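First subunit A sits with subunit B, and in the next complex the same chain sits with subunit C.
Our next item is the complex of A and B:
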């Protein structure tokens, strides 16, 4: 009797948590959607801010949409180039229980926890040091630093789950570690690696603090690595913090667009992941 | 007996950390025969097998002493290329471990790694070794479907084909039938006995009847010690050691 009551209580708690989390998600989506609905138009998607945009005049946020996409995709790519080798080195080239691996994982965890404004400040210091102005390039580098630990550690956890027997089967055929990593482990871990990339991309494209001093902001479209670039999080901030309701609504519309971008990329990656994991051993 | 020695193990000891799992084992393994390694669980059979193709290198905190000579060459000498060694010595796992690719690619994986690129040559290899593992008839129409969709028994035969495709001289098999149903197990056994004319086969088994059916030579390990080894006939009918007799009779072996 007591055990059955216990089970009921715990089941109840789980359902409450689920409703809480899922409800928040829906609430966020609904809020940005409803508040921004009246400003959602092709104009906001396809035009750059004209003079007086932040006072309620004509224009759109194409500069920020494109800027965020370029910045997000480039830094995800840069970070991917570094994360994948890190994760493979930790899992396939070091022995399990290696102290070095322990140290690297700990460092990555610490880096993961560092607030993005600190990355922004760090990026800024580096820029001053090497004489780089606020620019797309500086933004890409800083955001790459921000998402590197997230991506590397997520991939690391994915690769940890690959059964050692699978790797041994490849080694037993005379394959070396690189061949085994690329031809066997990569295929098996593909969905997990893709998830790691998407999560990092979402974090990178949505972060405001790290791009504040590094990428800067502009009303122009991104055309050069060495010029400032607009990003959606900052565009949202600038619009919602104006005193004009008309502009604030556009801010919510921008937030909705940002959320939609992340959502779309997640969905596309799910589909890709399904397509490419046909041969995965289950 | 007029058997040529293929693998010669001399004073092999293996430690995991401070635990010694193989204790000073010396034995000669005959060429183109089936050698069965028997003994209760945890007696070091798998460790012994994995030290023969140096898969044991991948374990952490492992120490090895003594030597293993394959064709007179010490496989633990620094000049040995481990990947070439493993090409020469195939391994069949306890649980079939297919690679995350199609049936065709599983067999072609090894040859491709060792430099065969020609499509027609690969087709030939795949067909030949799938036939050799008597799997061809069952899979010839679905060569490009995922390997993991095969039944366990078929997967194990696929693993055998995959191992043979890199043209090893030696096949190690670690309880290759223990995860399979009796009919699949029989097929694997049949394949192994057909292959022994061309390959040196070493099979780890804890099934005595299987060892009796297959083996030409038997090695009995107990708690890391080599208790007895000899030609199968003699080993099963006239064991010299009391421990061997006890094990064959299915009795509990008393600690000294």
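Our next item is the complex of A and C:
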């Protein structure tokens, strides 16, 4: 009898916890969408802030939307150029159980855990060393460092799942490692690699602490690599703390757009990973 | 040597150098931050920096004590809230939940992990802070006016607000690691326990949780490390009062990462100021790196054994 009661109590506690966890997620989404939808208008989406992002009561967040997209896409691309070869090298060029691969994976995991503010401080220090001002370029480099471990490690996990028989078949036909990597493995792993890319994009676009020092903020649209650029997370951060409701609205709208992007990314990656498992060779 | 073989050789060399990059980056970050923080270490002892709470950059006093304590308060609250909730949730999802719920929960957890920290902060300002200000502070001031609930701060921007927001942010990390570790416990072990007459819960308690225990610890450590370094969300809700050591969950706190984010504008104006800030970043780096090394080593050992 006592055994049953204990089981009941714990099951009850677990369900309560589950409700708390998913409830808080739903609460966050509901808050952002309700606040965001009521502040959203074409004006906000298609104009840059007039009279300063902190004080000006008119205009919108186009500077931050475009800035975030440019910064996110460029840093994702830069990070991709490094991540893909790393994942290929770890899985196709090295022997299984190699200590070097273990060490690299471990470094990537540790890098993944380093707070983004540390990347921000690091990027800022490098900028000062080479004489670069807060700019789009500095932001791109810092964010690409930030998402490198996420992307490389996710691609690595995808490539690990490619059956070795597939590679062996390709080697048996006389293909060498790079040919096998690009023509066989890449094709097989494509949906998984794409998932890794867009998930990293989502992380990069949502992070504020790393771009605070490096990309800065501006009212203008991104036009040059060497000028500061506005981003959505910082648009939320700066505009929410003003006393003016009109300016706060821009912050809510930015949060809505940013969360919408994250939501889309999570849906797309879901579809892609289903596709990945469907085409998997068993 | 023909062209194809040359291409293969070239590719393997180039990708090898690229693969070295993460290791180089890790050491470079540590080295540069240390180098920048060193001028401060030359005039102050480590003990002075870490334990003194007097932060007056214009008087050349750089005691990080109050910020470190601020971080500890917020992280402790976050862990107290997040660990039981997320471990219980993970146990439920992995062992008891119907298949539908199990499939449904993973994308939701991933979504929770992907939401921008600033959006969490926004949620904290709109929802958590008002609840604390309007309901919790009056209630606790009335019923429990003693440590750790007594406070002179009635704004709601507090240790508790930071702790709650952080707790929600580390749910997904702990849940996904614990769930994965529990799912990797071999099915035969459960069957053996059930066959001996144990109930489902007893099996979970004595077999699955015991077997997955190191993994649960690793999940908690990695969650802790994330909470330790989280900046923007905490900065937005925990009040940030300078030279103030929190003595209650309703007091404002000024965590270390928030200090770095807040003072960047003035960093260059006072000598040694930037050195102090970058030394704080170095502390964050070392602490999170240690947590991560411990956490991932545990998970790696589990994976090898299993």
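Please note the rule applied: the second predicted complex is superposed on the first by the 229 of 282 C-alpha atoms of A that agree within 3 Å, B and C clash if a C-alpha of one lies under 4 Å from a C-alpha of the other, contacts with A are read in each partner's own complex, and residues count from 1 in each chain.
Definition applied: a contact is a pair of C-beta atoms (placed from the backbone, for glycine too) under 8 Å apart; a residue touches a chain by one contact, two chains touch by 3 or more.
Predicted model, so just to flag it, every value in this text is computed and none were measured.
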Going by the contact rule set out at the top, does A:77 touch subunit B (first), subunit C (second), both, or neither? neither
Thinking of the overlay built on chain A, is A:244 touched by subunit B (first), by subunit C (second), by both, or by neither? neither
Looking at the overlay, does A:27 come into contact with subunit B only (first), subunit C only (second), both, or neither? second
Can A:97 be said to touch subunit B (first), subunit C (second), both, or neither? first
Per the contact definition in the header, classify A:12: touching subunit B only (first), subunit C only (second), both, or neither. neither
Touch test for A:179: subunit B only (first), subunit C only (second), both, or neither? both
Which of subunit B and subunit C A:170 touches, first, second, both or neither: first
Between subunit B (first) and subunit C (second), which, if any, makes contact with A:188: first, second, both or neither? first
Starting from the residues of subunit A touching subunit B, keep only those that also touch subunit C in the other complex, and list them. 176, 179
Subunit C - residues contacting subunit A, complex: 4-5, 7-8, 11-12, 14-16, 18-23, 25-26, 29, 32-33, 36, 84-86, 88-89, 91-93, 96, 105, 107-108, 110-112, 114-123, 125-127, 168, 171, 175, 199-202, 222, 225-226, 228-232, 236, 257, 260-261, 264, 277-278, 281, 284-285, 288-289, 291-293, 295-296, 300
Inside the complex, what are the residues of subunit B that reach subunit A? 53, 55, 58, 60-61, 83-87, 90-91, 93, 95, 97-102, 105, 109-110, 113-114, 146-148, 159, 162-163, 166
Touching residues of subunit A toward subunit C in the complex: what are they? 3-4, 6-7, 10-11, 13-18, 20-22, 24-25, 27-28, 31-32, 35, 82, 85-86, 88-90, 93, 100, 103-104, 106-122, 124-126, 145, 148-149, 152, 176-179, 181, 199, 202-203, 205-209, 212-213, 232-234, 236-237, 240-241, 251-252, 255, 258-259, 262-263, 265-266, 269-270
Can you check the complex and tell me which residues of subunit A touch subunit B? 95-98, 163-176, 179, 183-184, 187-188, 278-282
